[in-house]
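The first chain written gets the first letter, and so on, giving A, B and C; residue counts start at 1 in each chain.
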């Protein structure tokens, strides 16, 4: 009897948990816990997804298809000498009650570019750029980057603004921002809770409060939405995306193999072409990788400025690959040298299968390839400079994320002679990159396109593979469709209820 | 305790053994299954390597029990369209090498140290036991990462890492048994009669201690196979396209809710092997123990 | 006994110090957290600055003495990844792990000793066969199978239990159940084996011959004699959980110390690794002392 009772109790109890989620409350299940909760780290995808534009807002906002839009800055203009003048929005207050002014922006910039704490926004977007700020009046600020940055408004879309009370030499535990939500509490290991900001300058969203929980297993995240315990799982695995609650979205990640041009036989262009022809890219799509995965011809997502839409992916042509190899061999290229194919463990959900499939394809056309999967720290030793001496020919699998809309965030690091992850040193690439970086508008777009073409067709720098797709599971009571930005942010005020 | 009393009335040791095995039907089946696994481990890669590595992306995750396909597809195909049955048979070799290597090493080293710790001076015992404490508290993943960094990836290193982490359980268990056994009458008697320490340990104590350790070792087989896969994922040890059962189980994890067979069959192979090892170990324990041997010698057993 | 504990405390302190030194230098063989923490396009200045902020720019021996100096003031350093003292992260996780280990091992001990002893009473009987079969199956099955299938069935399908997380007693059922299976299988086998030997030993037979018909008395006497290896294995299994129940922590979102340890090793968060090693080592050392004391209590012939 007692047993039956407890069973009934269990059922009732479970129903209450599911029913507890009221119409305006939202539960989001994320893959990783947040380690640091400071707005100056919001460019990390795990932190940004919680914080960006929810708690902490940026000066401008990059909206795909619409370009750079106002956020905390309402307008901006380029002045003489590479200076940019930003005019701030009136009537914005932080959640601690203080009003937003130009001093806060100056403080935020000093904070993330300073060396008293390590801030990712500074390291990722402003490395090698010196930012000088000048507070013109309460609502106007001049920012002078050195060297000059034609894309300063775009760069401003990465700058989160904190009040000038935020300590310059320590991370904060409770982020204070201007956004539509207030950070209520973070119980480490358990959850983060936020609620709607009653004093928000913009329109209030439909969601009044939100709880973030963390589960590292993708199948469990999917199960939580299915069981009604969570409403949104922004990141689930392809194989779990089997219901009509699941949405796919391009996640701005590009998968490629970085080739090491310094070592034979990878220094021969025919070998690199053969490596490209040997891959049956079509066979991956809809099998190991999701339907909707796009074959890549360049390092950045197709929505990026200057992405060359005219380029064709290398078709699968095993015969041609073999012929190219034979030709290179006839010229004395050591095509039999063992090439190490290096993969990064856990990089994306089917990385293991992808790498094994690539390995088989290369072996089929006669390459002598060995696969080695590494955890991230060891992998980085092969991916980033300085490269080890006497390493032998290496192909390093990597995934690059550029959701910022301009190739400048990618090209230097991946291709320049001084680029930290570059596998080659090519003067043409260096000069094209330098030229494009200094240009604006249509000219900039054309120059980037030229560079993409050169890399893809002339230099055959690497083996470009795919623009990847991510999956979200969304409870059917929500009216929300994930987009390319879901990878780095999840704006709660855009979520509606059915 | 002496073997002398068994030998006279038996026609031939092999026949007796076989007869005793035949009487315990479970052990008999276990022995046959293990023979099959050993066969796969020796000849599998040689016979089936090509079949087991042939990929077919468009035919991935083929469901099991499709008897219209070749026999090696009867258990289905994996995420790259390779036949699971053939892969399990090929993987037997690496699995056995790693698991047997690690279990036997840790059993041998752990037991030896445990016997010494239980039977020597207090200082020697103290040193060995505190070393065991340190190994028990040293995170095994950290050990694996260190090995990965300091040494080149190889199967041998993998076996070393696995063996080191499993030593303490054999060490501590054998010592615990020795502490008790050495106080027993027959050991005391042997000491009085002037038997050497070595002789006492290996002739009198070890046979009493061993059955428990073998029981643990059989279950450790499963544990080691599964742990091995998590180390493979760090880049140490067995690397794809080489394959082990543990690796197959782990790779199938992501598909558990959509294509269960990917991790089920290799998992079943681990379970059945463990089960067989254990049944056979239990049988051996009975067969080698003169006190219990009667259970297998006549058809009339004590079953109720 | 008092002198034993005193000596033991000194010996354990020495091994703890040795462990800390070992872990300190060995973790530093595996690179540093700079490249893992910073974005891949970070400049050399940013990298140097990060190393300076975290004291990683100093020679390793200076880092070591700084660490020891802080440690003497009970300052375990800050986590590189998380903006908090390393010891806070560890103690929070350890608190959960300890509860999980205590609840699980209590249930395992009671269940395994009861069922294992009953199985040993009728070796080869139906109960013995069933208990052995199922416990071995469970102990050798990959634990994530059971975890994920349980979630799919009991949470998504039937809606009886929450999928994961903590909070109510209902949240504990599946994690404890999954964690229960492997130690249960192993300890049950050890209990069964040890009891078979004990029940066949001379003194139990003597007791029976003398007319002690009371089964519970025989049972208790035999068990007491078989107890040394059993508590050793129980201790070992508890250690395994204290070192981290990683599958349960990752799948059920249980905020224990195991996943923290793995993340810290992979992220080279040295201070957290060291703090975690020290806390778990302390618990493990303490438990091993307890086990040694229990030996002497259970078997008065054993003296230290």
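A few notes on this one:
Criterion: contacts are C-beta pairs under 8 Å (C-beta built on N, C-alpha and C of every residue); 3 or more make two chains touch, one makes a residue touch a chain.
Remember, predicted model here, so these are calculated numbers, not experimental data.
The interface carrying the most C-beta pairs in contact is the one between chains B-C.
Of all chains present, the one whose mean CA position sits nearest the global mean of protein CA atoms is C. Once the centre of each chain is set as its mean CA position, chain B and chain C turn out to be 22 Å apart. Chain A and chain B have Cα centroids separated by 45 Å.
Measuring from the averaged C-alpha position of chain A to that of chain C gives a distance of 38 Å. Across the assembly, chain A contributes 219, 375 as residues in contact with two or more other chains. Each of the following residues of chain C touches two or more other chains: 30-31, 148, 152, 266. Contact with two or more other chains is made by residues 145, 148-149, 256-257 of chain B.
Contact residues on chain A toward chain B in their complex (touch as defined above): 218-219, 237, 239-240, 242, 280, 283-284, 287-288, 345-346, 349-350, 352-353, 355-357, 359-360, 371-375, 378.
Taken together, the chain B residues at the contact with chain A in this complex read 53, 55, 57-58, 60, 79-80, 145, 148-149, 153, 233-235, 239-241, 251, 254-259. Contacts from chain B toward chain C in the complex involve residues 24, 26, 122, 126, 129-131, 133-134, 136-142, 145-146, 148-150, 168-169, 172-173, 175-177, 179-180, 183, 208, 211-212, 215-216, 219, 221-223, 226, 249, 253, 256-257, 263-264, 267, 270-271, 274-275, 278, 282, 285-286, 289, 291-292, 295, 301-304. Chain contact summary for the complex, chain C toward chain A: residues 30-31, 35-43, 45-46, 49-50, 52-53, 79, 81-84, 89, 92-93, 96, 148, 151-152, 155-156, 159-166, 168, 170, 250-253, 255, 259, 266, 268.
Residues 7, 11-12, 14-15, 18-19, 22-23, 26-27, 29-31, 122-125, 129, 132-133, 136-137, 139-145, 148-149, 152, 182, 185-186, 189-190, 193-194, 196-197, 200, 225, 228-229, 231-233, 235-236, 239, 243-244, 261-262, 265-266, 273, 276-277, 280-281, 284-285, 288, 295, 299, 301-302, 304 of chain C are the ones that touch chain B when the two sit in their complex.
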